[in-house]
């Protein structure tokens, strides 16, 4: 725990927010363990809800045009794109912005304005941040329960497309897999098969409406899982397979679950877990299409928030929040997630105060 | 050389064709060497032009509706789809038809009607074959010079899409690479870079209009070729990369030539040349899309023939036919292709008679 | 009522079916009143469920590959495409087949095999018909309640696309409008607004899940309906508007309900109700896209049947069947539909026997 | 002619440009005649090339990242989008920006900074303008000859898509029609038919590579033109029709030139020329898709400039500039265009000095 001064004055389009809850994401574990190159020291935490404490003089509206005031409960896109580089301008792919920064990842907290991550009492939102005022009937728990997994799934599925009536297989039942399941079902998937574990996560998948769950504890061999998927899909395999695991060997296994002409989304490989043997002939012969997708844009956050508000009955993401920790126990929160003991751990700075 | 009887009578929708010219395709080399499982003995040859010798009673029109008569010069799609299976009906992907057959590949020539391949004096076209009458001003050499490479490239590029103004890299300068180059340029690619060899093939690529050729003889290290592509593309890499090589290591090399958000087409892996190490994290982080494509449909043959007729001045595919052999020397034709000595070898049954 | 002989023998791929129920569609009213040119006399009825009475020797499977036997309950696509014309082959648009025929529409019943429509005790299904065996748990009422409206909506929405999270307006609350509503909701529309009447149809729309209904009885001026839509859509208009009315003036009204850049589907104009004044400048300035769609393909029927089976709880199409008539009272069934007194009238040949 | 003071100081991201050439566009005629509502008085001219006279302190690069200096020859996108409204942010349609402004159209020249249009000695480019440095080998005449017609055509065709091998009809042979022709040919259209006049414009269409021209002087009845298109397209009509005329009656005529399933782009209706009778039944029955498109984005200007540089030999847009006028004779330039006497009139402020 370190203490930093709050900014004495705000930039005209900046905002200071008091953190109410911050989620622990799988990427945080990689960052925490030093498996990804980031500036250090660093205040982690890129899934955050808080209350506006102070507003810059010119910041009058949230990203959607709603009036913004001190005291409003808000969340925001964790990343900022420059809007001016090759990818932002010419290719309209701001998630690959050459100057992209992300709260909880890209900033050294020794440098002002210091407060750049969610695992803290306050966070300073720089000019250009995409801030979203939360409606009263959308709980903080649901927003953090969905976390960056939901916007990641929305972006990835937007890129790949799920056609109405598609048969979808989802590899992985963690936050990204469950978010992909919810979004796939809401696209009108005719069948959604989830492969993962442990059992409490599969139970959530069933609550969300998966037609079938394949437990990796019960069906421990990949080839048996492939066989099971084929049995469930008239022998052909799925129209769409979404990888939400992050282990390289999930990719060839998932490709085998594809019918000819299927689409495959590599969604779980935010960390670099190394290469795997793949046979290009299979991609040619089966006429597959393999998609990658990185992060999300502010418009996906807007969609996510409306989705959480409108479909909360069907997809109660707040139930993913299984473990809560005060700010002093952030390390414990990270450990709990690292050990797969929680579905979702969260840090609550005001807890017990 | 074996002798088989011609069919005594034709089915109402069958046709007997006297072969004028048959091309040797890279796949023929794999088949000839026994690297792919096919019935044996087998009359190879799936790129063929001939003259109609006899017509079934009910066969009045070619695939496009033109009247068909004895004496007409024709070509045809090498493969037949059933029109009734899951892939033909529900998924509209006849190239993955569960009952697909191909002339020159799928038939044991010991079984009637015997004449099922192009390396022969006659070939029998079964009911359901997609036959195309050739216009007078479209030479046999140009059709065979383009061969199955052109329809393969048309189908693959249809699946992936080349956007107008895209920067395109083509790995490989054999028949598939040259066909992909022609089709990419005709799509309005703003820049087309060909990587391959030997020099006489690169010369054809230049004739077709490639903006830049990278010789694998001169730039023999993959990483240097990647670097060269980046230099030619403002440092970012290409919008589209088309693999037309068939060696697994071309795939990771090509993926490195992609800008973030690029599309990559695995077009050269008709044979199973084994797996290669690929890193799924790169697909996620760079937001790539990787496409496979298999064979072609009759409508691609129609497009190919019109393209060859209309754009012959710009893309003189007849120049690819560098070596001609009489039927007795078919083995020599295969050897010449296997040794990369020709751009395209062809068998001419009537040669020297 | 006329009597015709049943066919003495069946073609190898033909089938004779005893009709259980046949729906009355809006198009039937146009046909009945002589507003569309068809052969006469004509047995109408193109939405039909029946039991297989006799099977041709070679007809062993339904369109999806399931075994087919005497006694099976079946439905079928009302139209047959030739598979060989310009539209079938080159443009893959069999709904615009140059030789298209439809049961209940295209055949003069004076000519053998006579039994070509649903309003009869038997119907003869010609070779090439797309027959679907119905699962036990899918009721005849639900299939006929959905009728050709559902496959029409599925095809139209496939052509236009509904993006996940789109705001959708549906003009019309008849069978096509209700089917479009169900399919739009199942695509993940974030908001679905139905405009129509009378009240009992709007009640069904609410049951299906529409977020808002605008009654044309209560809001009788078009401009007021446009204003209401804008109020419901942050002032911008909808992402997607689907016209399911059939009156020309619905089109300019619907175009005004579009936000800039929206898509508009003209789905209700099966009959020629004449022209309407439209301003091309509005299409340019608002960057609209206007889609047409005609009929459906067998693969849409397959999707429809699976959808009805899987989503029956959410969309109880059987409730649309409000009026039943024996075969002798078919004229009364047509009159009931013509007068908008029913949501859906059906003919039940075995009724009261 | 009025005199206004140049700005005393520039905003950090503003620039002052000395005008070299400004094109007269058809829209200018509508603006000049008062047919569109704009602030008055107004310095018209939205197609301009000039030299940088002064640069704001922070303006170091052009839109593509090239260094920008005093003396550079530049052009720019005529319109500015806010980047923050519903259309800019959520719908990614900046051409429909709620706060859009355009040089030569949106500004009252009585208000500072006064110099907001191309028909002047100087123009002031505000912060956020998309400025493009012109390469040496791209002539001012070619850029102005292409004018806003080219970026308009690029945007419209991007929205609609032209598939490789499509048969394309272009209604109109003015600047927009000729630009659409060039872009369509470069997309790989298999056939391009231009309908228009007068003869000197058709001659340019032939130079660009149109396969066939239909003169409206020779074929003066719409139905005869429809018939001629059918004759040229195997009786079916075109895959794609692009309206570049601006007269409402061109739309129903063009729709008749469509094959079933075709796409139609309403590109010429920038002015409001009133409504026309259209039959929605034809859109449904023929399964058409009708697109609108408005203006262009900076990325289209970048594509246009690269296209003009790379394809200048094939499409010599400089030849469209048929009439030049000094600044004092701007009214004459407008009159010449209004009377269809020029292909393209331009204003050259430095002419004769």
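The first chain written gets the first letter, and so on, giving A, B, C and D; residue counts start at 1 in each chain.
Assume a contact is a pair of C-beta atoms (placed from the backbone, for glycine too) under 8 Å apart; a residue touches a chain by one contact, two chains touch by 3 or more.
This one's a predicted model, so the numbers in the text were calculated from it and none came from an experiment.
Chemist: Can you give the shortest number of steps from subunit B to subunit D, where adjacent chains in the path must touch?
Modeler: So the least number of steps between the two chains is 1.
Chemist: If you tally contacting C-beta pairs, which pair wins, A-B or A-C?
Modeler: A-B
Chemist: How many angstrom lie between the CA centroids of subunit A and subunit B, rounded to a whole number?
Modeler: Centre separation, subunit A to subunit B: 43 Å.
Chemist: Round to the nearest whole Å and give the separation of the Cα centres of subunit A and subunit C.
Modeler: Centres of subunit A and subunit C (C-alpha means) sit 41 Å apart.
Chemist: Of all residues in subunit C, which are in touch with two or more distinct other chains?
Modeler: 86, in rising order.
Chemist: Enumerate the contact residues on subunit D facing subunit A in the complex.
Modeler: 63-65, 83, 85-86, 89-90, 92, 298-299, 302
Chemist: Spell out the residues on subunit C that touch subunit D in their complex, using ranges where they run on.
Modeler: 86-87, 91, 93, 95-96, 159, 234, 236, 243, 248, 251, 259-261, 266-294
Chemist: Could you list, by residue number, the parts of subunit B that touch subunit D in their complex?
Modeler: Listed in rising order, the residues are 154, 157-158, 162, 164-165, 183, 186-188, 190, 303, 306-307, 310.
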